[in-house]
Amino acid sequence: MARNVSNTRKALVTAVAWTIGILIFFPILWTILTSFKTEAEAIASPPSFLFFDWTVENYVEVNSRSNYPLHFMNSVIISIGSTLLGLLIAIPAAWSMAFVPAKRTKDILMWMLSTKMLPPVGVLIPIYLLFRDFGLLDTRIGLVVVLTLINLPIIVWMLYTYFKEIPGEILEAARMDGAGLWDEVVHVLTPMAIPGIASTLLLNVILSWNEAFWTLNLTAAKAAPLTAFIASYSSPEGLFYAKLSAASTLAIAPILILGWFSQKQLVRGLTFGAVK
Amino acid sequence: MGNIVLKQITKSFGDVQVIPPLDLEINEGEFVVFVGPSGCGKSTLLRLIAGLEDVTSGEISIDGTNATEVPPAKRGLAMVFQSYALYPHMSVKKNITFPLKMAKMDPAEQERRVAAAAKVLNLTDYLHRRPGQLSGGQRQRVAIGRAIVREPAAFLFDEPLSNLDAALRVNMRLEISELHQTLKTTMIYVTHDQVEAMTMADKIVVLQAGFIEQVGSPLELYHNPRNKFVAGFIGSPKMNFIEGADAQKFDAHTIGIRPEHLTLSTTEGMWKGVVTVAEHLGSDTFLYVNVEGFDAMTVRVNGEFSVKHGDTVYLSPDPEKLHRFDQQGLRIA
Amino acid sequence: MATAHSRSAARLMLSPAVILLLGWMIVPLSMTIYFSFLSYNLLMPGMEEYVGFLNYEYFLTDPAFFAALFNTLMLVGGVLVITIVGGVALGLLLDQPIWGQGIVRILVIAPFFVMPTVSALVWKNMFMNPVNGLFAYLAKAVGLQPFDFLAHAPLLSIILIVAWQWLPFATLILLTALQSLDQEQLEAAEMDGASFGNRFIYIVLPHLSRAITVVVLIQTIFLLSVFAEILVTTNGGPGYASTNITYLVYAQSLLQFDVGGGSAGGIVAVILANIVAVFLMRMIGKNLEA
């Protein structure tokens, strides 16, 4: 039971918490604010906080000069594509491990997790060469495949922990009611697991959206998602703060919003169910 | 329809044999109750019949055809689970329709059957609710509804009343019995509660550690338990067992007397004891009496009989109703 | 608990995931191992030859390797210390009754959702830049000389950037763990006369130990592979001052085209990661049984 805390104390704690919260959030806030300034105002000294001439010209510029919509679409296709493909492979696998556990199920789960711990740099060269030889470098399909594979263990694990919470009796009831395997998975399991599947989807879209090892190493221009596009600002071009800010804001906004929705599932997904 | 024969079936999980070779015949239209303490294998046996588990060896035939290898969906049996296992994302109506949809039945016929089942089970007003919005008893009825619409060869019940409160349990017990009277379909019912077994069954199968201890009608088991286990398991309050010199007087290793077959007197009797607790239920009174020489005995007396803690009483068995068991716990005829 | 029928169905449904992951693991990894024994440069195709452990010898005796190993450990250790200490403190703070808790929570976890390239660039240009950065302005405002973070303290700067990204993760997990602490335990301890400090040491910290372990292990896995932050800020420099193992392998193989040497480095990275992984797996494995 929460105890009654004196309002003075609560106000004090609130003030401290808000200050720290705003400080942590400040770089993002500052980026968003800067994106609405002119280049001159962006580097003005002293910097103006709110009282400047708000402008959206940076967004217009970013969209027209660079091929921002292309990179945005690449990010969307790669993150959503790899997540959906991953779910398609992972749902049956998680079904099988959660409801028909065998002696080796635990070992298989642990092994899947262990593939996630393989540092990407250990397989960078072969993947790079294979991609080069198969003409997959700088293609969306290539990145979809790689991101599916690197996130597959997390997807399987998350679904597994959600499926585990569905009572097996319900699936048995479906079997008694004459449902075949397909009906069981499609009409009973999947609808019941929708919340779990949705949060798995969300978390994996976030992870794939922000993935910045393979996307940087395997793309150049055509298939480059936003991570790689933004990285191109590390050149002196980055000194155009307002445009950098506009591009950055556009790159992080969708995922920031998705992320806020999924914060609860995030804990569970990223700790493989070890902390709920 | 609804004749089920188990021939020499066994079930092992790994190295552990939970069902030793077992034979059982369930006749058409019978209400059979599997009863036994938890872990006795009764649920496993039911799941073997359902097809949710494979038998390790032996044969299961349903209505004369060998169903050992037939998947659960094709056995023509319906099951009501302990947790009801309703589909939480479907309305009551969809839950009940589900098996019919799986059977690809004509939609008009589906409608007709669901409406009929809902009427029988008093669910007509709740058809559009989700299971989560129903009370325990209503959920139970939905689970039964889902089972009856298929018109199965037999119903399997896996401890269906254990999640209900005491009052509701009595009601549902009656409803299921009535349902059996109406449908006259074979029902196999698993429970650990001997009261349910006694009140509902045509035939009780008492199981212990996978073995069938005895098969018989409720009164047969009550009057002629085959061994000490059945004698102790059937009947409430439990039978009193006495060993040693007092048993030898009756030429037995152990004698058993049900609480209702002891006569109580304040002046004379075979055994003298002191009342430790008197539970007054109104119609009956249960007395726990510490008898010199052996354990506490339970006595059931008329509710009007006034005794209290600390009173000295004398107990005498009704010699006609006395059960005698040998060293192995088997009944001596 | 199932029938032979459902077991075979289960195997069938499990196999695509297993086969794909098995392929993903075995094919490239064995290629890396194979390349690591070759003298193989992309600029000189067709000249590959077996050189035994020579690549490993070069990689492991290269001063750059020691610099990178040191930097990797500093990066992982530094970020862990900052995020755990900060995370526990923030978790305790946010676990208190405050007004607008939901909003503060959202503010605090936001950095986790920022893609690494964005956060690195924003910090590099808009905060740490010695001319136009906000830190430079603040330094000047109080009469100090602006500090060129990325030139003079590149590793520390990267540690700060990465810590900013991971602090939300640690906070979120530790806060979740804190919220599962039974309040009655704390009240019982209070009745037993434990002070705030004692309650923290004897009740809260032990309760958090499992969550802290999870945070340490999972962050370590990710932190060993920090890449984008280095690529867009310092390119590993100046010299090797901010090069970690991941970046070193990348530089060797894709900038110098030395596939053999890079592969040997990759295998070394795999071995290092495995040492951490063993602990993490034990931890999660235990949890599976619970």
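To keep things simple, chains are lettered A, B and C as they appear, and every chain counts its residues starting from 1.
Note that a contact is a pair of C-beta atoms (placed from the backbone, for glycine too) under 8 Å apart; a residue touches a chain by one contact, two chains touch by 3 or more.
Not measured: the values here are computed from a predicted model.
Q: Can you identify which chains form the pair with the largest number of contacting C-beta pairs?
A: Per-pair contact counts point to A-C as the maximum.
Q: Work out the mean Cα position per chain and let me know which chain is farthest from chain A.
A: Of all chains, B has its centre farthest from that of chain A.
Q: Using the mean of all protein Cα atoms as the middle point, what chain has its own Cα mean nearest that point?
A: So the chain nearest the centre of the shown protein is A.
Q: Report the inter-centroid distance (CA atoms only) between chain A and chain C in whole Å.
A: About 16 Å separates the centre of chain A from that of chain C.
Q: From the C-alpha centre of chain B to that of chain C, how far is it in Å?
A: Each chain reduced to its C-alpha mean, chain B and chain C end up 58 Å apart.
Q: How far is the middle of chain A from the middle of chain B, if each middle is the mean of its Cα atoms, in Å?
A: 53
Q: List, in ascending order, every residue of chain C touching at least 2 other chains.
A: Residue numbers touching two or more other chains: 1-2.
Q: List, in ascending order, every residue of chain B touching at least 2 other chains.
A: Only 52, 71-72 qualify.
Q: Which residues of chain A are in contact with two or more other chains?
A: none
Q: In the complex, go through chain C and note every residue touching chain A.
A: Those in contact with chain A are residues 1-2, 6-7, 9-11, 13-14, 16-18, 20-21, 24-25, 27-29, 31-32, 35, 90, 93-94, 96-101, 103-127, 132, 134, 137, 140-141, 164, 167-169, 172-173, 176-177, 180, 183, 210-211, 214, 218, 221, 224-225, 227-228, 231-233, 245-246, 249-250, 253-254, 259, 262-263, 265-267, 269-270, 272-274, 276-277, 280-281, 283-285, 287-288.
Q: Which bits of chain C are touching chain B when the two form their complex?
A: Touching chain B from chain C are residues 1-5.
Q: In the complex formed with chain A, which residues of chain B make contact?
A: Chain B residues touching chain A: 50, 52, 71-74, 77-79, 81-83, 85-90, 98-99, 102-103, 146, 150, 156.
Q: Which chain A residues qualify as touching chain C in the complex?
A: Per the touch definition, chain A meets chain C at residues 1-2, 5, 10-11, 13-14, 16-18, 20-22, 24-25, 27-28, 30-31, 34, 43, 45-47, 89-90, 92-93, 95-97, 99-100, 102, 106, 108-130, 149, 152-153, 156, 168, 181, 206, 209-210, 212-213, 216-217, 226-228, 230-231, 233-234, 238-239, 241, 244-245, 248, 251-252, 255-256, 258-260, 263, 266-267, 270-276.
Q: Taking the complex as given, what residues does chain B use to touch chain C?
A: The contact residues of chain B facing chain C are 47, 51-54, 71-72.
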